[in-house]
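In the two assemblies presented below, chain A is common to both, partnered first by chain B and then by chain C.
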Partner chain A sequence: MKSLTGKTLLAIATLTYLFMWVPTITLIVFSFSNDKLGIRWEGFTLKWYAEIFNNAAVRNALEMSLIIAITTIVVSTLAGTVTAYGLYKYKFRGKEVIRMSLLLPIVMPYIVTAGALLVFFTRVVDIPLGYPSILIAHISFSTPLAVFIVLGRMQRIDWTLEEASMDLGAGRLTTWRRITLPLLMPAVIASAVLIFPWSFSDFTITFFVAGVGNTTLPIYVYSALRWGETAAVNAIGAIFVALPLIGLLLMNFFQKKRVI
Partner chain B sequence: MENRESIPCVELRNLVKRFPGVTAVDHVSLKVEKGKVFSLLGPSGCGKTTALRIIAGLETMDEGDVLIDGKVINDVPAYKRDCSIVFQTLALFPHMTVEANVSYGLEQRKVPKDEIRKRVGEIIDLMGLGGMEKRRPSQLSGGQQQRVALARSLILSPKVLLLDEPLASLDRKLRKGMQVELKRIQREVGITFLYVTHDQKEALSLSDTIAVMDKGKLEQVGTPEEIYETPRTKRVADFIGASNIFPGKVIASGNGKVQLETEGGSRVIALENKDIRSEEVTGISVHPELVEVLPEGTGLEGDNRFRGKIVEMIYQGDFIETKICLDQTGGLITSYLNSRLGRETQFSPGEEVLVHWSPESSNILLG
Partner chain C sequence: MPRGACPERHEILRYAQNDTKRRAGNDKGMFFGSFQTAFRIVGEMPGNLREKIRKYLAKQAHLPSVGPVSIWTILFVIAPLGFILYFSFLTAGDFGQILPIFTLENYQALARPVVAEVFLRTLLFSLATTMICLLLGYPLAYFIVMYGGRWRIHLLLLVILPEWTSYLIRLYAIRMLSGRAGLINSALLSLGLISSPLGILYNPSAVVLTLVYGWLPLMVLPVYASLVGLNPSLLEASADLGATPFRRFFTVTLPLTKGGILAGIILVFIPCIGDWLVPLLMGGTKTFMAGNLVYLHFISAANIPAGSTIGVALTAIVLIIMYLCIKAGGKEATERII
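Presenting the complex of A and B:
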């Protein structure tokens, strides 16, 4: 019925999907298991979810992670959009250097960025390690992502639209608000949706610059695992999967609704 | 005040725009009369769009002045100029409805909501866009998009409407229709049109005045008839389709006629023109449809009769483009034979023929 190539491809594709999803699905399944270690099926329960939501430390960590992620999204997409606009529209010396140096944080190993930020906070500027330093770190590694997503969109925009707006009597600011921004909106939303999991689930960099006693959810998970709280961690893991998934579904929904 | 009427709607004085490596607009001066259709005609890259963008304020100039209604507006930003441009790409706002697109300019001018609604309604009727108000540009046909773009600019009653090849994206039949439509609209609203195009037929049928541009320079300004029948330079002649060009010098004149010797050594006759001095003449051009092809046996006596051989016949529908190699000089001359005549006389490639045009068909070139 099917050719050998077709069968082989199907097999490879299935294996790839299994490889990608089995660990995640296992984790979600076991987060509903009545087993204390969270590694065996002992019957359905929601008690781990109840436990993490009743645990003040988890709630606090989740809250901090969300606050940091949302602040990062707002600041990074704004700064990223404006930066991209400047990089795209204006000619100035050293533009290419700036463009390339913006790309660097995306390709650099996290550990290097993390170490650099730690040195920066403790030795160069005197910012105490804690939530402010975490926030600054998150913004600094998320903004380049926004820049590149928005730049990509800018390359496909008809810029005569801006000229048309000004020709019809709108000043620069009105033109930006009523024409440019709406046209860039899909890219702005896309970068927000991508920055969220990046910030929300970052461990390496946060761990370096967090200082003592300040936890985000990933750091809480790390320490919880060291104390052997596997089952509750499964539930947290499920939340980590669910939140970005909801984000992606929302983006998909908006894309289908928008005409552009 | 008494000569208020004679103030040109748009005036360019010695306009210069240089881009790296090229002078896009090279000392162009022109006046556009109020209430008329003025076309800037020329091949792509001749600087006509740049000139238009400078008038709109979307491009800065290096030298010269731009005047609208007698006032120098060099330093007025685009959004405060009393003109509006219809772009080649139309540049309709894709995220807005037809209604929102059309009312955009009035909103910027802080016109009261009621009046905006009234004027949008009027212009939508004038453009025949009724029922499309709530649609997005992507849901309209090419012709409808064209009308929205026009409506969006015309609703502001600008002193001059700048049109940058607005019909270029339409297919042939639609373009024809829109040309008629444009003329009708222009008559109804009475706004001055400054029209940029590379399509000579479009310029001839739409304009009151045509300015032909080439390589940033203004070559000739005149009525459509003047531009078509008496192009004064080789470039204009070639561009307008008077493609038989014979460079040469005047060697004799008298009896209302002048005789030229072409570079190939033939003698051609043209009518004498009192306004032109013989020394200035650089040659003649002849429109292909004015060149007659006669059977070989016809006599050689008379003006502008040459022997030749048909080398190519290209069927073009309403005429047959016939290329004839002249025996005397080896040069090529093109004739547009009426399809029906061509069939009756049954010329065929390779045939020896006689080529003829009357002295009044010879157009004198000055550059």
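Presenting the complex of A and C:
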């Protein structure tokens, strides 16, 4: 790293890392500050964390976000795995069309998806705004993610193991349960870990289709942000920053356990 | 007997290979093969028809696995988009209804100076953001690949992790830093460098910088992937042939990572085009982008046809950009998007 190029690169990389991390790290640090506005350092405290856990509105919002995220994870990883299996194993007409249409929810601008879903739910079909609409929206944009992650794994695993298992007398279901699923498990877990932050922290789409009075945690943060910031939001923010880290550690843990 | 000495070994091996091939040919998938067996009941039917139905069902063996999600996608992804396309040609009533009267007025409204200005601004902001992301993200990815060593994965994770944090929270963090009473201002004030708080927020550069902050990871990832996939012997060859590092970068490395760059451009440009939170929270009405118009029409004004038109226009822009990038970058750009 002695060359001029190396030094320049190091400088750019350091600055970029600072740019990416200083805001969230400051947020975490100041979530422990005694200051009411959360922007000055006035001594260490945990009272904001105590406050958010004692605040019924925050608890309800957290509960709603968790219910939605967990339901989305279960439905999307299941549906995604099954769909990926079908896309990988069978040859049929319209396969490319399906793959392309699965890309749609990923590449469409959020605001367009959000608006289109809201109009569809309220003006075309009568789906109540709240849990049903939010769940439909989240499953729609999370399933493709699971499909592509599992599909990526399928292209790398050794399918002759399936044949070997059948040769040794295992039935289709046993083979799927004992061989195929364990082989796909890392991808299934990876998609669950990825879908969690997607669903849990999605704001735009949820905000559009939530309807009146249904507050998820990001929607709660949004209203706090618009109508006067409080230090308690810092604490919620710190939790949001920590969540993906926890997810990552979980994934690491699962992977270590699965090493054959 | 030594392993190689068995004379029948080749015979056995060939048989095994043929068997595997035959199986692979017949295999209609294991999990859903039971679907076909279930329909053997058809066997009770008269011969000709039975064969036809059985053949048809065998061809449809993919349906149980691919069907549900396809139906879901048609219902909740394609249909909503189709309906906003349809609504964009209809007239808005006075009380938020959608009147079934065909009109092109909504599209003509796009050309009105006020709206055209917003679209132009959206394009300009997105373009600026994408360029800055490329200028910061490419060197960063290059640094991780070339100098990362055994820390590569950790350095990459440091890039990915912010992307998994709530976008809203990250915007909040930026606001906390740069607001009028924020940390940057209070630090500068207490150091005596300025006498009154700077207006860092609420201008175009604040919007663009925040957009960069939001979407930079999406540029680094595909570029990183294509740099890792680079064949090092090509670089050695060009060095052996006397190319300077500078020339080597521009004639070998850069063209070979084109796919990653284009994928990064797509990934950054698309969310920028549709962003509405950054202008709302960091910019104020003077920096409103097309996404804010969608919000205003759909939520505040309940003018569904007008909002739909802007949504359709945004989608059209996104599709054109994607088409151009994929055409320029080929298969690699498409693969690196995911």
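Everything below uses one rule, namely that the second predicted complex is superposed on the first by the 255 of 260 C-alpha atoms of A that agree within 3 Å, B and C clash if a C-alpha of one lies under 4 Å from a C-alpha of the other, contacts with A are read in each partner's own complex, and residues count from 1 in each chain.
FYI, contacts are C-beta pairs under 8 Å (C-beta built on N, C-alpha and C of every residue); 3 or more make two chains touch, one makes a residue touch a chain.
Computed from a predicted model, the values in this text were never measured in an experiment.
Novice: Can A:169 be said to touch chain B (first), chain C (second), both, or neither?
Specialist: In the superposition, A:169 touches chain B alone.
Novice: What is the contact status of A:155 with respect to chain B (first) and chain C (second): first, second, both, or neither?
Specialist: neither
Novice: Of chain B and chain C, which one touches more residues of chain A?
Specialist: Touching more of chain A: C.
Novice: Figure out whether A:182 sits in contact with chain B (first) or chain C (second), or with both, or with neither.
Specialist: A:182 contacts chain B only, not chain C.
Novice: For A:20, using the defined touch cut-off, is the partner it touches chain B, chain C, both, or neither? Pick first, second, both or neither.
Specialist: Only chain C is touched by A:20; chain B is not.
Novice: Residues of chain A that sit at the chain B interface in one complex and at the chain C interface in the other, please.
Specialist: 160, 163, 166
Novice: Flag every residue of chain B that touches chain A in the complex, lowest number first.
Specialist: Interface residues on chain B, with respect to chain A: 56-58, 77-81, 84-85, 87, 89, 91-95, 104-105, 108-109, 136, 138, 152-153, 156.
Novice: Going by the contact rule set out above, which residues of chain C touch chain A in the complex?
Specialist: On the chain C side, the touching residues are 20, 23-24, 27-34, 59-62, 64-66, 68-70, 72-74, 76-81, 83-84, 87, 98, 136-137, 139-140, 142-144, 146-147, 157-159, 161-162, 164-170, 172-177, 179, 181-183, 186, 213, 216-217, 245, 266, 270-271, 273-277, 281, 291, 294-295, 298-299, 304, 307-308, 311, 314-315, 318, 322, 337-338.
Novice: Touching residues of chain A toward chain C in the complex: what are they?
Specialist: Those in contact with chain C are residues 1, 5-6, 8-10, 12-13, 16-17, 19-24, 26-27, 30, 37-40, 79-80, 82-83, 85-87, 89-90, 92, 98, 101-113, 115-120, 123-124, 136-137, 139-140, 143, 147-148, 152, 160, 162-163, 166, 172-173, 175-176, 180, 194, 197, 200-201, 203-204, 208, 218, 221-222, 225, 229, 233-234, 236-237, 240-241, 243-245, 247-248.
Novice: What part of chain A is in contact with chain B in the complex they form?
Specialist: Residues 158, 160-161, 163-171, 174, 178-179, 182-183, 259-260.
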